[in-house]
């Protein structure tokens, strides 16, 4: 099953990149997709079969992206304000903060970490034994962690439903 | 110049200008912040949004002379760059800071306490 | 000996991106005659994707996907393709790498024969460059003794 | 619009010039590596804009996608090398 889905994804991407629709280039595309799948078929999808859960996760992930974009724009305005502020040294108060997380799955840990890196004033430094080490540029933005974002990521990857 | 072209040009100019503004803010922050942990805040975030906004603007402008198949494919390719950078940029930021933290460098702080527990008890 | 980065973020993101990087490398090789790039550049991108496997996972994992034996076979296979495309032209009575003459044995006209000849040269160069780049990288990261590095 | 793109490309080149300050005088090695990454992102956009100026968009898109991939791989390999050395 995962072979077919990855083949479809790769072939669509090949057509977009190539832009040539003669027989020679399309057959090259098929050969390239088969080569890539034979070398690294277990990289894109790790489980061999799909469940109904995966489709729900994809839909929820797509719904999560607009909220993330909004947060990213807020984060950038914050950082730009700090960077252009004349008395910058009084405003920033950097620390590494350490907090425990409820998330367990790989994908949700990674999504949460990258969302933290992209949003206001915080960068993930390390994940170890269920603890996040986060560098925060001032204590006000750190007050929101883990907070709403963790809830949302947990909702996207259905952490709450299976205990 | 039809009215549609004018609107398209204005949207493209606004998007690219905002992208360049964030690039500029990131660069200024990169010069001014006190240590490289904070400098990473400026570059990691502002560059990601700058690339995404500029790529959106450029992808829109790639459609300016008609909706032919080649133009749409070029525009999709540019959006693929944005998606790639959206995944890769935070990871590169994280990798560099992770290696710095693992080599034992602590960030610049005001009160000398580098790592604090959260939420405070 | 290169140590793996015990880092879940880098592992997961590289897992998602490596197939696309490999596909892009193959695309650059296959469209070398029409757009920028070609054999050398595509081979370098393919080699870079294997370097990413080594960086994100570890050396045995990379060896499992692309063993040393396969690497040696590929590095000679590329030269084989390149040289036989050239010699085929020589045997048919033209100069070395003068692809137009290939229309005698391929069922196409000389222009298309030139096209396919150039493509097979690109493929040969790409395969060789990928294999040699991977061996160079493995020699560099293990200090020239990666056979022993595999045993420990 | 070509003049606008040219102006934006010039502004980005000027920003690259500013970033080189950190690459030259950066107190630590990490500063220099970050500076390489920042120059990489700006070069990406400059390449795309050059595609419009020279009217060869299909060609420059490939180059800048390649640049994005290599910049990402470069940052990861630098990170790995310096964590192994343990010195900065």
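Labels for the chains are A, B, C and D, by order of writing; each one numbers its residues from 1.
The rule we apply is simple: a contact is a pair of C-beta atoms (placed from the backbone, for glycine too) under 8 Å apart; a residue touches a chain by one contact, two chains touch by 3 or more.
On a predicted model such as this, the values are computed, not experimentally measured, just so you know.
Undergrad: More C-beta pairs touching across which pair, A-C or A-B?
TA: A-B
Undergrad: Need the most distant chain from subunit B, centre defined as the mean of C-alpha atoms.
TA: If we average the C-alpha coordinates per chain, C ends up farthest from subunit B.
Undergrad: Just curious, how far off is subunit C from subunit B if you go by their C-alpha centres, in Å?
TA: 32
Undergrad: Could you state the distance in Å from the CA-based centre of subunit A to that of subunit B?
TA: Computed from C-alpha means, the inter-chain centre distance equals 15 Å.
Undergrad: In whole angstrom, what separates the CA-based centres of subunit C and subunit D?
TA: That pair's centroid distance is 26 Å.
Undergrad: Taking each residue of subunit C in turn, which ones touch at least two of the other chains?
TA: As it turns out, subunit C has residues touching two or more other chains at 5, 7, 9-10, 13, 16-17, 20, 24.
Undergrad: Multi-chain contacts in subunit B: which residues touch at least two other chains?
TA: In subunit B, the residues touching two or more other chains are 26, 40, 70, 77, 80, 84, 87-88, 91, 94-95, 98, 102.
Undergrad: Name the residues of subunit D that each touch 2 or more other chains.
TA: 58, 62, 65, 69, 72, 76, 79-80, 83
Undergrad: So, with touch as defined above, which chain pairs make the list?
TA: Result for touching pairs of chains: A-B, A-C, B-C, B-D, C-D.
Undergrad: Going by the contact rule set out above, which residues of subunit A touch subunit B in the complex?
TA: Interface residues on subunit A, with respect to subunit B: 13, 16-17, 19, 72-73, 75-76, 79-80, 82-84, 88-89, 92-99, 113-114, 117-118, 121, 123-126, 133, 135, 137, 142, 145.
Undergrad: Per the contact definition, I'd like the list of subunit B residues that touch subunit A in the complex.
TA: Subunit B reaches subunit A through residues 21-22, 25-26, 28-29, 32-35, 37-38, 40-42, 44-46, 48-49, 69-70, 73, 76-77, 80, 87, 90-91, 93-94, 97-98, 101-102, 106-110, 113-119.
Undergrad: Which stretch or stretches of subunit C touch subunit A in the complex?
TA: Residues 7-9, 12-13, 15-16, 18-20, 22-24, 26-27, 30-31, 34, 65-66.
Undergrad: Any idea which subunit D residues touch subunit C in the complex?
TA: Those residues of subunit D that touch subunit C are 58-59, 62-63, 65-66, 69-70, 72-73, 76-77, 79-80, 83-84.
Undergrad: Please give the residue numbers of subunit B that touch subunit D in the complex, ascending.
TA: Residue list for subunit B touching subunit D: 9, 12-13, 16-17, 19-20, 23-24, 26-27, 30-31, 36, 39-40, 43, 47, 50-51, 54-55, 58, 61-62, 64, 70, 74, 77-78, 80-81, 84-85, 88-89, 91-92, 95-96, 98-100, 102-105.
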